[in-house]
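Pasting a structure here, questions to come.
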């Protein structure tokens, strides 16, 4: 379903070319200072505008329509909406006949029997993540003293940040796209959040993170590398009665529960499937395989916009765990 | 909490040295042939006995105490219990004073204010996964025609299966442990399961998989490697109106929804933290750092027992998604 | 929280004098014809305008901002909003100093530490039920062949419908208010919905019905009267293999599960607490008891508007149970 | 499903003639003194033995098999089981051919396609309420300072307690049964629990209460009588800044939220459908209507056993609301 959280619950809605997209944020405590202005910095990070991204020419202007009064949260559900103004819907009908490789076109057709709003990806559009980012702003305010920070640590296969620009330049020139890896660090999250099994911190965060389009992998602490370490290398020696450890291969989580050290995880972001290069697909009407050219401008690197969204969903997860562990 | 699923819901309970461990399996349709015997093959796979594992000398005998009548599920909750017979509890008190690196000892102390059952890891024990495997047997029967298969594809850093034995041998000799990577493939899962955002198939499976102790990473399809591919390389060309694709870098999932191709994911399993080598920790009473020797026999490679557990939780997730998408 | 349902999930939001009120309706299958026009008849019933009600001079105009495309539901969340246009907020500050008897003023102050939007009742306002009625329209379309019908069967203590007008007239003249009893009948609901214990049909319907402001009692079938019957009188003889019964004291539900006969329940609606008569309350600033005069026009009988809301929440409950029992 | 609660979650399982019945109690904080002995008083009240009840000759002996260590809750799920020892299963097959009026026999057959365990009512048996009572014992310990008290206030149509004995005597003599009304009062529940709409205190309590077999109505405070009062009569004047009211027609709940006054509700219990008098039903094999004689001893008044079960489910509801409102 389109909601997440047991005590801090976020529901998102909208389609790329519908009237509005947005989120309902339920379970936020009363008395927290909140206005649309608070959401602008994170929304600006999502919008990017950097080389390799193609922001729509829209204001992405959040409007809080419930749950805030006199500048403070009331304790009632907070609803944030974003109008969709810059939508041209003429040229999308094709997607239902020629499903794009790597996109949700085909599964949407199948799951919704052809009734899905296919314009601009409809409810599958990255535009729906506006609601996530808005909810993330609220979540960050209630996630105790936790501080969320995420950044791209690998792009198009290189970990050298000085090469990122040329990787994107090259992808643009080739009419192709590149993926990347985002690392998120959460400091200040108190020990004791999460549960031993089904609601382990890893379970809850990964559930939220895989909600973000284009994410194909998540690892905590040493992650996949820990599978290549010896126990003697991977174990984090405990050096304080407060649970502080010498290393942090556990990524701040033992037995599914936060141990007070920074929570660290990395997220694999696939290259955006929309590319200008000719591709192959099947024609759903004729049943024949045929060539496909996707027109329009595309993000050469969707990963550039992802860090703030990962922060947002991590904050949503931690806010819920924090409120639950009180 | 200790339950998972919206329509097919599994709750697990028990402690390593308590009276029983087990699971309640709610939402199973009536009329499915089921007996304890059906659970034995998967339980045997979990028990292992291979070099590098140290099974307790217990029967691991499942007992169905509700929900089955005349050999068929009744539609009422199915409860399966396992008696804990072979428990010696004398020598665990130390864990609360000297928390073991890489274990849940310290977080348990913190979260439960010292009231947790520390014997043998208590509720954090791998023994609790008996309930998962039992529930997995039921889940596999109701997950439509889906077939689950998982295996170790990397061990102690090598992908060459012929070397696995010597990797373990070497770890045993060094009184150390090794991790590994488990790959799970689900074929026959129909297209259309899952949701675009919060209940994406990746979200639901990863939520379940990170419930398994020692898991530190999950990736679908090309996973982290997809972050290094170009869009033109990563996109799976659609070759049939049934959604069949030429490659399967998506791991059977687009836009959070199954596309009918095999679901493929890999899981990073850390080396078991219990090793015989001397380690460092902090004494919770004195506050001083001191050496630690963990006595007893240990699994040199817990990953050997994990494949069947990963299958089980994947089946639990798919069973829920399957019942929900009806 | 402000959401209800496991597979068909409704979330409501808004405040009486905020910007918008509305609902997000998640889990609606694709392909159902739906437009704002479909919602108008039920919204008109809620608005009333009959003697004894004081509708705000507002259009109550629903606007579907997501989830519908080309006249059909898409399968994505449906969001319906209503603008609040006719709000004067000058004269409500008093409610936080002089909490009105029978209202939520005092509990709101307590629960939300004074941050709640007190204007016009804020999130406690009956206006929030607009979202319920809109969601009810959708629910009725997916609740199979079930037909919902509810009406007032008792008003101000009389069951004689010819006296209803004079009961209201008299209450108006006395500047007082009256309550009533609403009966709801659901025909065409197939047998087999619901669960034996925690999700009994009575549990799920009553949960939804007690969400409606002013409801203080719910009874199914013979209800409280059944407590006065002998078993031989109360038992419904089964007269057909399809489960048809001679009488319907069970109200269509046995063992928590629908038996195919009409579901019948009655709801007690208290008299609206807003009356023009002088009342007593406590001054939250001075701590002194003092007289209170509530100004403005009031509904003399809120029960007149309730039947369609009861239908709506019953439909929401049945829609969820119906989708779950597939 | 067979579970209830968001933060304090109870799952129940078992059949009348199965191996065990019981409950898993998840979300209980650590450090609460708990043993089987604590459960005995409430279990004894449920067992009754008074005239008009026919307790099985069983010990109803609770066994805690997880979640308690050294006499205290550990924070892990608490599982309580009861062995079914005194079961004779020879004579129940008939229920599937001749469904008993007022029982769940017919709906069980329908819902579970004939796979339900029909012996002694199977999962519909009142015996399953053993798990509720055990869970109630735990819930009472964590529901803050709330004190739960419930009693029968009406039996077979009379509110005169001196006549209760003769009412039952008369029912026994007539081989018939009688119903009753149970009132439950909860004092000491702090103000501020519950939510304005879907999780109103009335919603949550009624959800739990209608889980108890034989309950057909619930009313809070003045309940159905409030529908016959004027607003001026029904409103509770507020007499203290702590929310204390002069009267308690609201039953301690305004706007869905506890106001600090005692929570009062009444529950209609139908007469037990098992009576010795000849009845009519339909033969599911022949399709013909025919006479039915139910053999064995029956409770003439099941209401006598209900008060402690109502307390238990109310405590479960309040425990969840209490933990959630922290």
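Labels A, B, C and D are assigned to the chains in the order they are written; within every chain, residues are numbered from 1.
Operating definition for what follows: a contact is a pair of C-beta atoms (placed from the backbone, for glycine too) under 8 Å apart; a residue touches a chain by one contact, two chains touch by 3 or more.
The model shown is predicted, which means the values in this text are computed figures rather than measured ones.
Chains touching both chain A and chain D: B, C. Just to note, of B-C and C-D, the chains joined by more C-beta pairs in contact are C-D.
Comparing the centres of all chains, each the average of its CA atoms, the largest separation from chain C belongs to B.
Inter-chain spacing, taken between the CA centroids of chain C and chain D, is 26 Å. The distance from the centre of chain B to the centre of chain D, each centre being the mean of the chain's C-alpha atoms, comes to 37 Å. Inter-chain spacing, taken between the CA centroids of chain B and chain C, is 45 Å. Residues of chain C in contact with at least two other chains: 1-3, 7, 12, 76, 111, 123, 196. Only residues 6-7, 76, 196, 324, 326 of chain A touch chain D when the two sit together in their complex. Across the interface of their complex, chain D is touched by residues 1-3, 7, 9, 11-15, 18-22, 24, 26-27, 30-31, 63-67, 69, 72-79, 81, 111-113, 115-117, 122-123 of chain B. On the side of chain B, the complex with chain A involves touching residues 1-4, 10, 12, 99, 101-104, 106-108, 110-111, 123-124, 128, 154, 156-157, 171, 174, 176-181, 191-192, 195-200, 202-204, 206-208, 210-211, 213, 215-224, 226-232, 234-241, 243, 245-246, 249-251, 254-260, 268-275, 277, 279-282, 284, 287, 289, 303.
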